[in-house]
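Below is a structure I'd like to ask you about.
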Amino acid sequence: MTPSLPRRAARRLLSALLVVWGAATISFCVLHLIPGDPVDAVLGPLVGASPELRARVRAELGLDAPLWAQYLTSLARLVTLDLGWSYRLDRPVADVLADQLWPTAELAVAALALAVLLAGTAALATAGRRGLPRAVISGAELVGAAVPSFWVGVVALTFLSFRWGLFPGPGAVGPHALVLPALTLAVPIAGVLAQVLRRELDDTLGQPFVTSVRARGVGRTGVLVRHALRHAAVPLLTLAGWVFAGLLSGTVLVETVFARPGLGRVLVSAVTARDIPVVNAVVVISAAAFVTVNLTVDALYRVVDPRLRGSEAP
Amino acid sequence: MTTLGVPEAALWAATPRWRVPLAPVLAGAVLLLFAAVAARPEWFAVHSPTASDLGAALRPPGPEHPFGTDQLGRDVFARVAHGAWPSLSIGVGATALGVLLGTAAGSVSAFGGRLLDRVMMRAVDVGLAFPELLLALIVLTVLGPGPVNVLVAIGLAAAPGYARLVRSRMLVVRESAYVQAAVVMGIPRPLIVLRHVLPNTLGPVSVLATISAGTAIVVSAGLSFLGFGPQPPAAEWGLMLSEGRDHLQRAWWIAVFPGAAVTTVVVAVTVVGRWLKARLDGGPQ
Amino acid sequence: GSPSADAPADGTLTFAVDVGPDCYDPHVSPADITAALQRNVYDSLVAQRPDGTVEPWLARSWEVSEDGTRYTFHLRQDVTFHDGTPFDAEAVKTNLDRIADPETGSQYAAQLIEPYASSEVLDEHTVEVELTEPHAPFLQALSTTYLGFHSPTSIEEYGTDLCNGGARHVGTGPFTFTGFTEGQQAVLTRNDDYDWAPPTARHTGPAHLAELVIRFIPENSVRTGALTSGEVDVIDQVPAADIATLETAGGARIVRQDSPGAGYTYFFNTTRPPFDDRRARLAVRAALDLDQITETLYSGQYDRAWSPLTPATFGYDEGLEGGWSHDPAEAGRLLDELGYTGRDGQGYRTRDGERFSIELLYDPTYQREDRITYDTAVQDQLRQAGIELRITPLGDGSYVSTRDDGEYDIIAFSWGRADPDVLRTLYHSGQQLADGGANASRLSDPRIDAWLETGLTESGPEARAAAYAQVQRRIVEEGYALPAFVQPRVIAAAPAVRGLAFDPSAWPVFYDVRLGEGGSQ
Amino acid sequence: MPGHRRGVRVRQERGRGVGLVLQDALVSLDPLRTVGAEVAEPLRVHRILPRDRRAAEVVRLLDEVGVPDPGERAAQHPHELSGGLRQRALIASALAARPAVLVADEPTTALDVVVQDQVLRLLGRLRSDGLGLLLISHDLAVVARIADRIAVMHDGRIVEEGPTARILDRPAHPRTRALLAAVPGPMTRGRRLSDRAAARTATPTSAESAAPPRPGGGAAVLACEGVTKVFAGAGHPARTAVRDVSLRLAAGEALGVVGESGSGKSTLAPLAMGLLPPDSGTVTLEGRPWSGLPERARRPRRSAVQLVQQDPLSSFDPRYPVGRVLDEALRAAGERDRSRRRARAAALLAQVDLDGGHLRRRPVELSGGQRQRVAIARALAPRPRVLVCDEPVSALDASVQAQITDLLPHLRGELGLALLFISHDLGVVHHLCDRVVVMRDGAVVEEGPVERVWRAPAHPHTERLLAAVPGLPPGSAAGERPHPAHLPGAT
């Protein structure tokens, strides 16, 4: 007998929390290693500030407390889901992030959908086949997976938007403004997904059970759609964590290029301005999201592959 | 851009089956060329990468300046050529650092006993919960911008992935029939680790690292693009891309050529890496 | 017939700027963009004309006491805040007290009215402000958005929490602050009750535009593209290189205004070698061909600078123009004199085997990219003169402390302010960086200090101008700082945009703007 | 497009005209779908039944092929079914569209003997119900049980064809004879089976005449005393793989260990090798303690006992050529002189019938039989007294298997080796061993001389194992073996 489901779930949850705690601790430590004074970040470098003003700000931000106290405070806040107060923007971190969450989510979801669509089409069209179209498509995937997305973005912007006016350029107004950034973000992800998907489909098509299926009179499409796709879902799920991280990192660059608001840009400016509460919050949130994605994927494995039910995750 | 190390599963799965090794040969030649350019840029470019000639600013590609000139009248070709060294060395160095740290951590985990393994793997889990770019950004905030720091940042960010890879591979090798055969022969443990476990772990890991070096180059370019890499007036591809952005409408060549260089190198590295891996996989059959 | 000039037209104008404010409270934030954006929401007591003279605005008239320390303002009686609160003497007192209160954490406004002592409400619409000492730029300071007026109700409600944008910002201006998304945009809606425009405006009554949207687009290329694609109507901070293209190909109208204050200036650290020696400073100056760099990098759109003040600033000394020239021979002579007669393998001059090497410090987070390029060109020209310039980015948070400790040879920035008193912030010995000033040359020159104090207390324009001319001349003579170029504020507008102009601080004024049928007039 | 139309026609014929049953049922059924869905697929594809009536038909089909509780089974996934059930479900899906002919390619090769017997009986029943059956198998005994006619293939060609009885009795083609000879049986003990023996001959070759030493009352070289091994599972409860097992292996003796899958046979090998510490009980080697020592103490004595593993390829470091493999083994055995090592490596290869040319090859470049011979050569390098073999031939095909099973007795005779031979293949054990141990659920249920156990199994489990072994009918060219009339059913 395997341990009961609740116990297993509890253990997984505990290790997930451990990871989140570790992430919070590391980011706290790392950000306190940074040379310089966070008060400078709060005030900005443009105007020198009098020592009195600095002392006031320091006290206001709780930076005069000893480090361990600051650490405990930040953990205690975390437990109550209070993400703290942004140094630089002087407002609750939760508000700052809440504003930026939607544009980023919108971009990420659109890019993900686009990537899956592109990859699925490319892989299904070429799986189990040979010849020129396949060579061309796999070549394109290879390049797509290798090319830096910020460069794709800049070039696409110049030609597709500025020169030929096919797409709107900057900002986040309307669904059509989403096309170019989403495409830019989707290209490298689609490149990798398509390769994995096709390889998986190919492998599945080579398995003995496919011979059985075909012997029953099922055609190529039937085999691909009814049997092979589901097999390919397992390695694709394995990639979910990578895709998630790729989307998150990708948004940082794509948002910069396309002047879109979002978590990525908030993050970059928070990191450079040493806005510790914001960075901590992004780190903790992304670690939590990552862990959630992995937990979900673990559960999905069991849905997709009945062999894994009642056993530990692969 | 894939800003992350592609997980192992993806790499193993994504091997194209080249019938004629034309592509890897071609890619290998490209890499050799870039390596030569990185080592001796002055053999390829007559102009200095930093000397500006304000009178010749923003010239389009032509016989005198094959890749044109930038806003300071610097020769873009010379800058691309001289940018090969920082760009390539950051990518390769970061990967090497990641492999080194990952191997150290992975070995400790695989051979250091249960407790150490647990602690190490939880730490690796935490490391893996950060997107690589985020981790690199945080490291860079501590270290400050600069090429060496970018190298360290990417290396550190990649290390948890390698640690896990090395550990799992070592466990597989450790339990393998040939290691058991060596035990049966009475070969002392340290010798077994040295002769069998390490070489058979590092082989596949280094092939994967080859492929990841491409990723590292892209990530380093991304960090330069965000302003964390080498600083002006250095010639580095990511930085050049970032500097050329504002001039795209009038002088596309400033950003397009370094971008094309990054893309070419990364594609070539990937092709060679995958070919190596295909050979490694295809070996025992 | 043509529509009456005073009838409110409708339409939304989108204005794209390069950076959103970190803090929207003009009393707190020193940011240019905060002032520019909030100009539409907050009115001032007085309005400044481009020639430096001051007109009434929310104050109908005022008197200044003999000793220049007491100002009595008679306020308009018909002004109300957006929330219906009447604008009165009490409101003026509340706001000025708030600025001066250290609790507020003002980073700039408080400095503008540094000698502020107190305000006294004489009657409902008369207020008397008392200063501890005479302060000539006081009225000019009052004309800026930094000294705009919050509704006392909103101050009471939000207190120090006015950094966020949005509806909490209640002023008396032609627009109300209605919508706000951090990092993305701010939406301002016309105040239909507005009827107290300053005489500097071209019309009276409500603004023409129904809505003003300010979008934050940091990428230059993206901002330019947004204008050509019609996504936005007006863009700020047009890169010099794009000006010509926009005008010819894009059909856009370029509106420019020289910014008052100090242009982009290289400040030499005069407290440590080599720049404690005048010859080193002059050598660097002579080695540089600023005309060529400015001309090339800014496509002929910006002027090189001759004085620590920009030509648009009151008190600018025209006599300084052409005061020195690019003279490599002179630079070489000065360097020889300093003992840097040797040359090393890379062609740099050496003295006792030690290179003439200087360091320029900057914070990559805040330095504009085109200025880094400018610095790079400077670096290259100095290299040709045998001087090594190391450009050091300090992006790890240590910039401010390093700078305040004086651990640099050069730092460079520009400083906008529509009054020559800006020179005091930049060169007065009491304005060291560590104390909250901006004396980046770490200067301690008693003669300059004296002139600056004269300019501050003297109220006659003539006398002030004379004092500041002395300061400018001395700075150039001694080479304490090297003014590089003057960056005008350049705005590009779609053809349909009419009536766009600048106030003396070079902030665009949208009150008079209307959207036409397209095509330019 | 005639080509296209032909494709469609062929597809319609598939499943409908001809059903296919493949070798391994676990990989021949889509592991991600339920058994019911797989069985129903031909019904759906050929539109034989509307959706709502398919479920009932699936249950009927499963019932027909003898799947108990067909309703429940239909909702399960392949991995939840035993090998026999899976194979039956696969047959049900092949039969769903009511084909006239069933092609079965090695339908029982992957199954253990008991399950194989069940499937063969099902096929026999279907055939007698009028289904045409094309049964493809390398195992003559299997074919002989149900086929009317047999065709023998060699090199892609049918070399002989005829009624079953005739082929078995009077094989005409040498290939057929060789095939028949390669089936180990009670009469093959002490004979060579491999092709090199060419025509069947009852005369032992010279090597074989040096008969392996019989088990004497000599001292045990390797002994297990009450050994128990429990695997504490991560995520699942502990499992007792070996339960209170006592064994004695005398010098020069060949001891076989048989049992069904999972009975703990393979766990014995690392226990005997001192690679796995027993949870209780002791292992002694040459009369001295062997288990429970620190590895350092065991190392100098390791040369006495060597191991031959199941999968020869994975037992070599993939980077090492054969020469280096042997060199390493010889050096570990204490041979310091380089030229002497070289000479001995060549001698070892000769001992396993390989020439020196193989020294430079890497294991991947060798055939399966050659690899296993190299593995044996390596095991012989330290001149061991005991050789533990865990299924040394089950990864190899029949003819290669014969090479190894010929080599082992030869080496025994030459070197006086004691052999602990673990195998699930009763025939091979019978062929090679003097004594046999039968295991079930980790415990020894029967032990005795091979001949006696084969003739008169004492334990019902042994009886069952033996009964399930397919044999050639009496009087056939290969030999004779009692065939029990009744077989207990098993699921």
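As written, the chain order gives the labels A, B, C and D, with residue 1 at the start of each chain.
As a working rule, a contact is a pair of C-beta atoms (placed from the backbone, for glycine too) under 8 Å apart; a residue touches a chain by one contact, two chains touch by 3 or more.
In this text the structure is predicted, and so the values were computed from the model without any measurement.
K.L.:
Out of every possible chain pairing, which has the most C-beta contacts?
P.N.:
A-B
K.L.:
Averaging only over C-alpha atoms, locate the centres of subunit A and subunit D and give their separation in whole Å.
P.N.:
Each chain's C-alpha centroid was found; their separation is 49 Å.
K.L.:
Report the inter-chain centroid distance for subunit C and subunit D in whole angstrom, where each centroid is the mean of the CA atoms.
P.N.:
88
K.L.:
Using the average of all C-alpha atoms in each chain as its centre, how far is it in Å between subunit B and subunit C?
P.N.:
44
K.L.:
Quick one: report the Å distance separating subunit A from subunit C, using the average Cα coordinate of each chain.
P.N.:
Roughly 40 Å separates the two chain centres.
K.L.:
Name the residues of subunit A that each touch 2 or more other chains.
P.N.:
As it turns out, subunit A has residues touching two or more other chains at 34-35, 154, 157-158, 162, 256-257, 272, 274.
K.L.:
Taking each residue of subunit B in turn, which ones touch at least two of the other chains?
P.N.:
141-142, 144, 227, 245, 248-249
K.L.:
Touching pairs of chains, all of them, please.
P.N.:
So the chains that touch one another pair up as A-B, A-C, A-D, B-C, B-D.
K.L.:
Spell out the residues on subunit B that touch subunit A in their complex, using ranges where they run on.
P.N.:
Touching subunit A from subunit B are residues 1-4, 6-7, 9-10, 13-16, 122-123, 125-126, 128-134, 137-142, 144, 214, 218, 221-222, 225-227, 241, 245, 248-249, 252, 255-256, 259, 262-263, 266-267, 270-271.
K.L.:
Enumerate the contact residues on subunit D facing subunit B in the complex.
P.N.:
These residues of subunit D touch subunit B: 270, 273, 275, 295, 298-300, 302-303, 306-307, 309, 311, 313-319, 328-329, 332-333, 363-364, 375, 378, 381-382.
K.L.:
Considering only the defined contacts, which subunit A positions touch subunit D in the complex?
P.N.:
1-3, 8, 207-209, 211-219, 222, 227, 230-231, 304-307, 311-312
K.L.:
Taking the complex as given, what residues does subunit D use to touch subunit A?
P.N.:
Residues 11-16, 18-20, 22-24, 27-33, 38, 41-42, 45-46, 77, 79-80, 90, 93-94, 96-97, 234-237 of subunit D touch subunit A in their complex.
K.L.:
Okay, in this complex, where on subunit B does subunit D touch?
P.N.:
176-178, 180-189, 195-196, 199-200, 203, 283-285
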